[in-house]
Amino acid sequence: MTGLTEIRIDGRGGQGNVVAAYVLAQAGFEAGRFVQAFPSFGPERRGAPVAAFVRISDRPIRRRCQIRQPSYVIIQDASLLNVPGITQGVHPGGGILINSSRETEGLALPVGVKVKAVPATALAIQFLGQSIPNTALLAAFLTLTDLLPLEALQRVLSRRFEGEALERNLRLMREAAAQVSPGSWKDAGCDRCN
Amino acid sequence: MASDFDHESIAELQRKQPAFRGLDAGHMACPGCGQALGARLVTEAIGPDVIIANATGCLEVFTSAWPRSSWRVPWIHSLFENAPAVASGIEAALKVQGRPTKVVALGGDGGTFDIGLQALSGMLERNHNVLYVCFDNEAYMNTGVQRSSSTPHAAMTTTSPRGKQRMGKRHLKKDLLSIIGAHHIPYAATATVAYPSDLRAKVRRGLEIEGAAFVLVHSPCPLGWDHDGALSIEVARLAVQTGLFPLIEMERGTVVSAMHIRSVRPVVDYLKLQGRFRHLFEDAPEAREELQHLQQIANHNLELYALRSDQPEALDSESADTARRGGLRWS
Amino acid sequence: MIDAIEGSAAVARAVALCRPQVIAAYPITPQTHIVENLAQLIADGKLRCEMVSVESEFSAASVVLGAAASGARAYTASAAQGILLMTEVLYNIAGLRIPLVLTCANRAIGAPVSAWNDQQDSMAMRDAGWIQLYCADNQEAVDTTIQAYRIAERSELPVMVCMDGFTLTHTLEPIDLPTQEQVDSFLPPYRFKRALDPLSPITIGNLVTPEYYSEARYVHHHALLRARAEIAAADQDWARISGRTCGGLVSVDGPEDARVGILSIGSVMGTLYDARDEFPDLGAVKLIKLRSMRPFPAEELQGVCAGLSELIVLERALSPGGGGIVGAEVRAALCEMEPAPRIHNFAAGLGGRDMPLKIYPALLEAAKAPQATRFAILDVDLTKVAEEDR
């Protein structure tokens, strides 16, 4: 399906990766796209690896199947890099965005997949006083991929937060966006079948 | 004129204006059925402004065979194990609609002690404004006298028969009132068809409660207990007077009153009237042992609830006197 | 108003728009979010309703039975084990002809234990005497829930709205939520003719002897058959208000001259629609969406399948030892067609197994076999099965 982008967000149970997926999908909706978001279904204890998925498209999304070859993967917790296979399954030409303060050399990565590390937790602590990396990761992601205008994320944040909390999130968003090279992942991931 | 107020005319008036009967005559209960009597007394005490949820059991079967019904109040029978839940739903509906009609749930010991215990516990825990009345005839009578957890120790039923290795029901009668008490509902009581005024008073007390109330009504079953239907009241009275079925009231789990017994009767006086205990009168050591067990149970109740009394007992004689005078209308 | 929200949240909003007065539910995955959303609406004062937090599904169904019998619009939801636990009550509700709406968040039934999506639970209730409608996406879940109350209250039959657990309940997508005015114009206040009322006392739940039972069941059966018209009318009337249709009892999408059809039920329809677009070279295929499983629309199905030479029935449940459930009913409905299509019956997606786009070419390939498949589990992986168990 042309114009369809599929994203996987890897996190640990209880850390809000489903929220991240919903926020990303809602940003897509705010930007006038068709969207679908869902968690990896099933019970899981706190701290266990879990995934959430997002589809963003120019056309109505009717399929209900799993996402097996996402164009992009966002890893919310760098310790997940120890989980075997966590970086596999990314579509060639796709990208992996990792929440980490460290560099990414030495990672076993699939051929032709771009990688970027962003210190999202550190930024969150700095701007929000809380270690929730979602806003920073999503801002960096949207900037790298040019998938949606940053303003769409801003609109979603404005519905979820107000007052001082909103202001801090917006500042964080802008800072995280500024730390990555805009559009450098722009051409990954569309135009293939599941 | 004075002659208009003589007892003859008043009796005439009473006959012309009978009390409202939520459960009317013409049902199909066995002669001497304690539950039928209990249900009549309970519904007389309640009056017409009620909705009843009734569990499966004898009462439901002998009052509602299509196309007839003995019920003159709105009445619903759903299943065996869910009368308290259905009553909870009716209560919720009336609450939302702002209607003050009382909700009453009726069930036998099967639907209350056993299969319906969960639903009952839920209803009590949520403190729905429902009066639950259990007619306790101490076995699954409707299906042919199988034992329930309410069946007394050593009683014979079809699933706890006397045999070479058994002397009737092995286990004790479940102490349901303690379970009810643990829910700390505003009011719970035991009653019996042998003391009708006491029963009616307890039902009225339960109806006045804002919140959950529970009344357990001991109801002899001539068929299942194996006695003449004419003896139902006497048998029920002896259950109280031996101490085997104490008449108590509980508020929020604490016993606040008990009907005292002026002359305590030995349990054999009660047991010997019922065929379900006939095996205890055999000339056998196991029979004597079970008689002792039952006497011990009675003694335990007598101690626990301090049931013995030498004094003329207010409730006991008041009930009898009230009955002689023609009911609470005249007191 | 269109918003991107989770399926469960949307269904909760739809229920709230129907102005329920009593809700009783016991938590079970994957229905939990529906009830939690409703609890939050009540707690925030946005829904004036009595929510009874019951101690089991048996009581949940019993509470709403009592409430509806007393004239209050009521709602409950469950899945899998919970549906089975309340089975006796579900039969009771239907036999007593009490209008109710229940959401079944379709989930596989243990054993083996599973929390994931298939339709074994609602299929197990097809003989309980309820109306059963299946939703292909979350928009249909919203629209069908609203329609369900009108259908239930007009036909005096309870309605089970089936939506795939997790696949729909836990998926966020754009959903158009109607306004209160729209729903009020479609759904009048609940008036139950046989409501329990001291001013007009009746007896509900009599013992019925052999002399009368057949007639009672006859009336029930025919009420379900007549409800087909109510189901169709509700969809049309709601379409006039909302601009959307759910496809009535059964609907078809595809070229008029297509000789191959795939019939399915529930959310897999979306995957089939997209797959047909992704594999355009596999020929003209009609995609048939079965929405009403009870009453089963036999005549409508005959019309929709006229002209097909191959019909593939894909379902997400089975009757172990028998075969497909939907497949068997489709065969029965079409057996007198002259000519009748060859029918191939497959179950897939059991216990939440993913149904990828490539099941579409797999099904079409299977339909070319010289011998039509009476029944098979399409996506079983025999390498995981011991030799002696095959």
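Order as written gives the chain letters A, B and C; numbering starts at 1 within each chain.
The definition used in the following text is that a contact is a pair of C-beta atoms (placed from the backbone, for glycine too) under 8 Å apart; a residue touches a chain by one contact, two chains touch by 3 or more.
Here the structure is a predicted model, which means the values were calculated and not measured.
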If you tally contacting C-beta pairs for every chain pair, which pair wins?
B-C
Of all chains shown, the one whose Cα mean is least distant from the combined Cα mean is C
Which one of the chains is farthest from subunit C, going by Cα centres?
B
On a C-alpha centroid basis, what's the spacing between subunit B and subunit C, in Å?
45
What whole-Å value do you get for the distance between subunit A and subunit B if each is reduced to the mean of its CA atoms?
66
Where subunit A and subunit C are represented by their mean Cα positions, the distance between them in whole Å:
34
State the interface residues of subunit B toward subunit C in the complex, per the touch definition above.
48-51, 53-54, 60-61, 64-67, 69, 71-79, 81-82, 84-97, 101, 118-119, 121-122, 125-126
Along subunit C, where are the residues that touch subunit A in the complex?
3-4, 6, 29-30, 115-117, 137, 164, 166-168, 170-174, 267-271, 273-275, 277-278, 352, 354-358
What residues on subunit C touch subunit B, complex-wise?
21-22, 24, 48-50, 52-56, 58-60, 62-72, 74, 88-89, 92, 96, 196-198, 200-209, 212
Taking the complex as given, what residues does subunit A use to touch subunit C?
1, 21-22, 25-26, 28-29, 34-39, 41-43, 61-66, 68, 193-194
